[in-house]
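Chain IDs A, B, C and D follow the sequence of writing; residue 1 opens each chain.
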């Protein structure tokens, strides 16, 4: 088996600012350079940029797709797993991972953060959702200041997983 | 078929303050009195209190369970659907509903809020998760001030759904 | 909770001979008269006929739908659970049941028979798939000669479940 | 992306006769030598033998696991996707494939054959389940006489897929 850990990268699929795209690519590259497998939802935006970075870093990328058609995977996905489950597959992206890095993102990303936290899988965030309850912040996501640090934190937490 | 709408009630399962339990029961009762079907995850806490209220109001309650054993349903669930999917069933609770009322809650509740928003299903919140991005609040959840108002808002949004 | 057991009725959805439709309706009626809940895939053909029979018998019917739209349920479904999972929902129909009655059917029905057997849920068959291996029949499905007998066998096996 | 097609190998997990194990290994090797990706349920028996053969042939193997723990994958799985879905994952093994080769097998294998046929994915069988209805055989599975022929048939059907 390809030696782990498996790190999921979750984030927005569309209309990404160039800075987020760049960060996702750096995250992917750092995951690959650490010898980890990159798991994601297989589509565009953060997923595509992260896969691109991972391929540049010589790593392996896995895309767990919402639809039934393998062709919907971005071109940097090595292994595409079509599921036909729609957003139900969000939970499978998370379950396939030893740690999650969340970048920016919309509601789907928020669901992946929440599902990971529910399942006890550590989540590192880079410019992503902020959570609160009763007017106070809930600091369940480990905050990173850079792509390199995000991956370093995720690998450290995954190792303890 | 039992005339809808179907309203999902999501919220914490354990160690609930008495005030939250009371609010959940009132939400359940109001759903039943409006002739709507109550859908939930079928376990304890908010789910149990809401089902209890719905039964008191003469309504029907559906519990979509994470495990395989129907016996894990709380005793106010009328129709129990064991799934064996663990937290993957969160997405199914949401998909079964025309609108969602979220009360308080932990990460599972947060995932249900996010999955509903991703799927375009309206969410009404009562003392629940607060969301933000980039230091600014994201007001995707419609806030209610009382159980009665929460149900009224959910029914109104479900009707437009 | 509505007292069980829950009996799933699985079978073909289209172009049903009148005799199969009649048998499915009798199966549904017998399930209802025994006080059991009828679970099915919620669509037409055997599912619709069985739900119709169950309603005539004063019972409750649950339809676990492949699509996301509650409106695809047949009109004899009391509680409709849209899943959006396509044929992945076959496994959920089976998991929701204490025993399965299979009538006739296509590949979807065959998958439900197989998934039930894999999960240890008893299956009673009425003019349905025949299984073999190495040229010899595999008698895993309990054969019934009439709708009444099918339900009687299913209830007996469910009670031991 | 790794160029397809993706061929699923499904079959029994335990107490395999040596001849079946040998056939599965040959199937795996032939899949790899054709440049196809091998998908399976990731466990022992036919799955393990097929993965072993595929690795010997220089191919890539993907295991879609029923449990949540990547460690349950056999040691010839390159990319392990834990799902925690139990036998619900059978449908995902099939959906991930362009064609299915079934060897021998128990009820889980039968469900995978049926789910593939329902989804329109071609199935080639080698000493596997025989299907009938009304006393007549149903010849939905394309029969092969050897591992090499099974893979050749699967690739031909997958290409037309």
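By definition in this document, a contact is a pair of C-beta atoms (placed from the backbone, for glycine too) under 8 Å apart; a residue touches a chain by one contact, two chains touch by 3 or more.
All values reported here derive from a predicted model rather than from experimental measurement.
Set against the C-alpha centre of chain B, every other chain centre is closer than that of D.
Set side by side, B-C and B-D show the greater C-beta contact count at B-C. Rounded to whole angstrom units, the spacing between the C-alpha centres of chain B and chain C is 29. Between the CA-based centres of chain B and chain D the separation comes to 40 Å, rounded to the whole angstrom. Residues of chain C in contact with at least two other chains: 68, 84, 86, 88, 92. Note for the complex: chain B touches chain D at residues 68, 84-86, 88.
Residues of chain C that touch chain D in their complex: 86-88, 90-92, 104, 106-108, 110-111, 113-115, 117-119, 127-135, 138, 140. Considering their complex, residues 1-2, 4, 6, 37, 60, 62, 64, 68, 70, 73, 75-84, 92, 95-96 of chain C touch chain B.
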